[in-house]
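This structure is in structure tokens; I'll ask about it shortly.
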């Protein structure tokens, strides 16, 4: 008598169920671990600690299918070193190329800073929630960043630039500790030129060359006049910063539901499997990284 | 050599032995499968146990053994001056190791007499770990060191990346191997306090972890002692385990 | 004064050959042992018997299994513990494995470079990759055996007083058995390599001390014998060693019927020639090695012979253990006041551990006598004669210096061990 | 559901055939503890005689058959500044597991929700899960079992067949078509009124035997209220940060990734290693910042994930009440005690 189990080919069954060609990691088993092989096409040194990497997916088909929304992140793989979450810094409308602003910190990032143009890395994604730009239509928008937070905010800036007519007044506020930590300084002029975008920068510890504002980012609120009844805000930066900024905004009359922040936690997968990114017990990678501030207030451990 | 287009470093390495059993050096010769690859990672310029030529130009000095005599102190200081990176290689170098058991005796004259009778012999009163004499840049724990860990560490140097130790205790790995906990078998074990990275070798072979790799990050020593006592072990037995490699501060 | 550059290389531990030159000619070469003492005998006082073998194994990284085995045997003798046949077989396998690993290390890494005029194994790796690979393969199988049975190739932890904490699985033993069988051609190749080398011509009559085998080649326990006809029980080891100190050595020295004696592979073979495995005897014939051989350089060949013996004996032992139930045994030890001696044949010669315990099973006093310690005096005498003989033959100073080094190395001294 | 009964003699024969034709794991005696009490776990069976039906609890959870402690999830071949990724999702399958208790089967159902049924299903898990045939067995509650409190003491789905010992026969609950087809090859009987009564009697008996329990009423809210409670600090002082609890837990699935390069710099391997939230580096990020720097905070998080976060997401807790973590914890930290200390 033969009672042997038959092997069930789960992978091809899964493929058969799919209709149409569009592959998706969210439902397609076979794509789970696949990382899109990409080439570093350009490297721009922003500060001694941060570099901007331009990265292009090599396979044309994969490249065309790749699209993202502002605030989303991807997982960047450097074989042998690790896979790390990074916010996408470039414009969502620019197809095929992503820009990542990367700070030299640990294993993967230090090696990345040594890598040259032409080398290959892998990307998975995009993952996570995004800044709900559509919701901001016909409203004032505050884009507030501290330090490296500008990396995540930059794609939202591109979005408002490119869809200027969708929004009312737009304010960009950016603060760092030192003037030499300022990122993307070469773009400030272009931003300012876009009709009605107001840019404010501020530093805590000015050097001799600095002629701009000095102080904390919250000081900037003394300078702006907005109709808080119709304003949305995005706040990116270290937790201490967005805690202060959001409370200030709330005092000014903006509901917490209209403020959006991006949280950072340790991550190993981006797909809600490794559990390392839990805030309290909510996945940052699935329910975040973009949360409205009301949700954050209700999360234990978030700030 | 290159990795993903990034040029790698090939450091010159020198091995020096002080008072010890030289078992750690032996581990390097012991990883037969990978030995040839390993020695292509570094240029070995000084390795007394298997090499005659000596070259005093080196980047990394691996110091094996603990320091017990005046001339050893001088020799170590000279090495420190030359080396860019000084590595304490093994438990003896990192903590003093087994050799430090000698320090528990207050009367050094009695010690000499116990071993050498009335013959004169030169020794320092105290056995020291390497960092009690010179600055140490990196530690490789283990009695003996774990070969694959040594390889990973040297490879990290070549890649120019920092090596990170596991921070958790041995138990975590022991459970992964699905061992039956030694406490359940009525034996004492240092696993809950000792730094993992050895693959839980001793408990997996049915013998207690003796803590040769020193403490894990933030070990809960205080409560572990309470647990040991609750499991029926005496203060004396507990001290035996804690002092074996002089790696745990009590 | 102890200078770095003085140390003899490619030996385990620190020793120097002090060369006395008069009128531009080598007059005398003196063996000196300058290793720093670690005082193990003192450290052991008050230690519980559970920890004793783990501590003494740290006397030496190369022969840690021999130290553990001797120590455990001493403790078992002190407590009157009987061990099972299975334990006995596995301990023998481990001793064979350690002998193989240590001898291969010595033959290829430490001795061979001398014969080929190289400074280390590294140039041999590039010039004669085949030899290097053979060496690594043979070492690997020996280390694998120690790993699987002892739990680790250095400082084993499965061996405890009364038996083993864990026996290896049948699957892992079968893999080892297969690897071991496959290593025979490598051994034969090794013997060809050594056949092609010129062993220096030198003899000095001396006394050889070892264990006396009864039915098997001796590894663990039994009577103590010398080639001058002394025979003593294990417990009277002190009468075999008569330890003394001298100003040229931090290690203790030994003597018996003469001023010095030799232990090690050559001593074992000289004293137990008939107990060698037939395959090992064949190798003796090839190299014209007959008992009693007085050429210390032939110790290298004696080691090679023992490698053959180790492999063939282990294969036979594997047949036996594979037919046994390998589940762990219950080990219950009752300590008692008393003293016990354990003598084993470490790769470098006979090793004694003597442990004296109190009622709680803690050490009151102990004593370890290391093979190299017993050899030091003999090495010194040999060097003396070697310089005289070869000066007479008209050899140059540098040639004599190299021969002196080779002579010391052929004893495969384990100096840190001798100055424990 | 389809029920049958089978004579033990026939069932044993059935097993013999299964063992012969498949890779088959069943409870075996693996060691004895200091009181000479045997310890059991699943091991590969080559011969029917090796199975020990007297087992009480499986020492380690069957999770490892689906979610191994460590596995290589992909590898890279490095060529100059480029590389090629190789992924192999297939693993040693199919296989049969015998003797899983309800808690263990329910633990797999919970894992299914995260790893197979939600977004981004894991192929590694799914393939193993779909290719493992599970024969569950009823159990006798031990003093540390509190599965009844979390509703995992019975099986609704998640295995192929489930056995209840009713004297000289087994009462079989058949869950899968494969099991149904297999059983066609041996003699089984339809259930009778008598079997029915016996089944109910045994259920009742079992329900009375539970001694350990936790009260889950409004637990999510109570946990939120007690977030800053000093009770956590007290438990944290005891916790050794060893992660043994997560190692023996049938539902823990957190992991870390470690990448390795071979000594020739030609191959890189990506290893997935199950982690534990009580370990010091669980939430540590680049630069050394640690989101959960203290032991009590990490231990607290373990309870928040299991008894609050998971409940919020799936309306059930991530604990099946098997009590293994409490048994494995040298510090004696058990779920019932922690939960009741929070409720007080």
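Letters A, B, C and D name the chains as they come in the text, with residue numbers starting at 1 for each one.
Please note the rule applied: a residue touches a chain if its C-beta (ideal position, glycine included) is under 8 Å from a C-beta of that chain, and two chains touch if they have at least 3 such contacts.
The shown structure was predicted, so the numbers you read here are calculated from the model rather than taken from an experiment.
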Greatest separation from chain B - chain, by CA centre: A
Computed distance of Cα centres, chain C from chain B, in Å: 25
Between chain D and chain B, distance of the C-alpha-averaged centres to the nearest whole Å: 38
Chain A and chain B: spacing of chain centres that average the CA atoms, whole Å: 44
Numbers and ranges of chain B residues touching at least 2 other chains: 3-5, 159
Numbers and ranges of chain D residues touching at least 2 other chains: 78, 81, 83, 260-261
Chain A: positions in contact with at least two other chains: 79-81, 115-116, 118-120
Touch-based graph of the chains, sorted into line, ring, star, complete or other: other
Each pair of chains that touches, named by its two labels: A-B, A-D, B-C, B-D
Of chain A, residues touching chain B in the complex: 78-81, 107, 110-111, 114-116, 118-120
Of all residues in chain D, those that touch chain A in their complex: 14, 17-18, 21-22, 73-74, 76, 78, 81-83, 85, 87, 89, 93-96, 114-115, 118-124, 126-127, 130-131, 133, 178, 182, 185, 224, 227, 253-257, 259-261, 268, 270, 275, 277, 282-287, 291-292, 301, 304-305, 308-310, 312
Parts of chain B lying in touch with chain D, wherever the complex brings them together: 1-5, 8, 34, 37-38, 40-41, 151-152, 155, 159, 167-169, 171-172, 175-176, 178, 180-181, 183-186, 191-193, 216-220, 223-224, 227
Touch list for chain B against partner chain A, complex: 3-6, 159-162, 164
Complex interface listing, chain C residues touching chain B: 1-2, 4-5, 7, 9-14, 36-43, 45, 47-48, 51, 54-55, 58-62, 64, 105, 109-110, 113, 119-122, 125, 132, 136-137, 139-140, 143, 151-155, 157-158, 160, 164-166, 245, 250, 252, 328, 365, 416-417
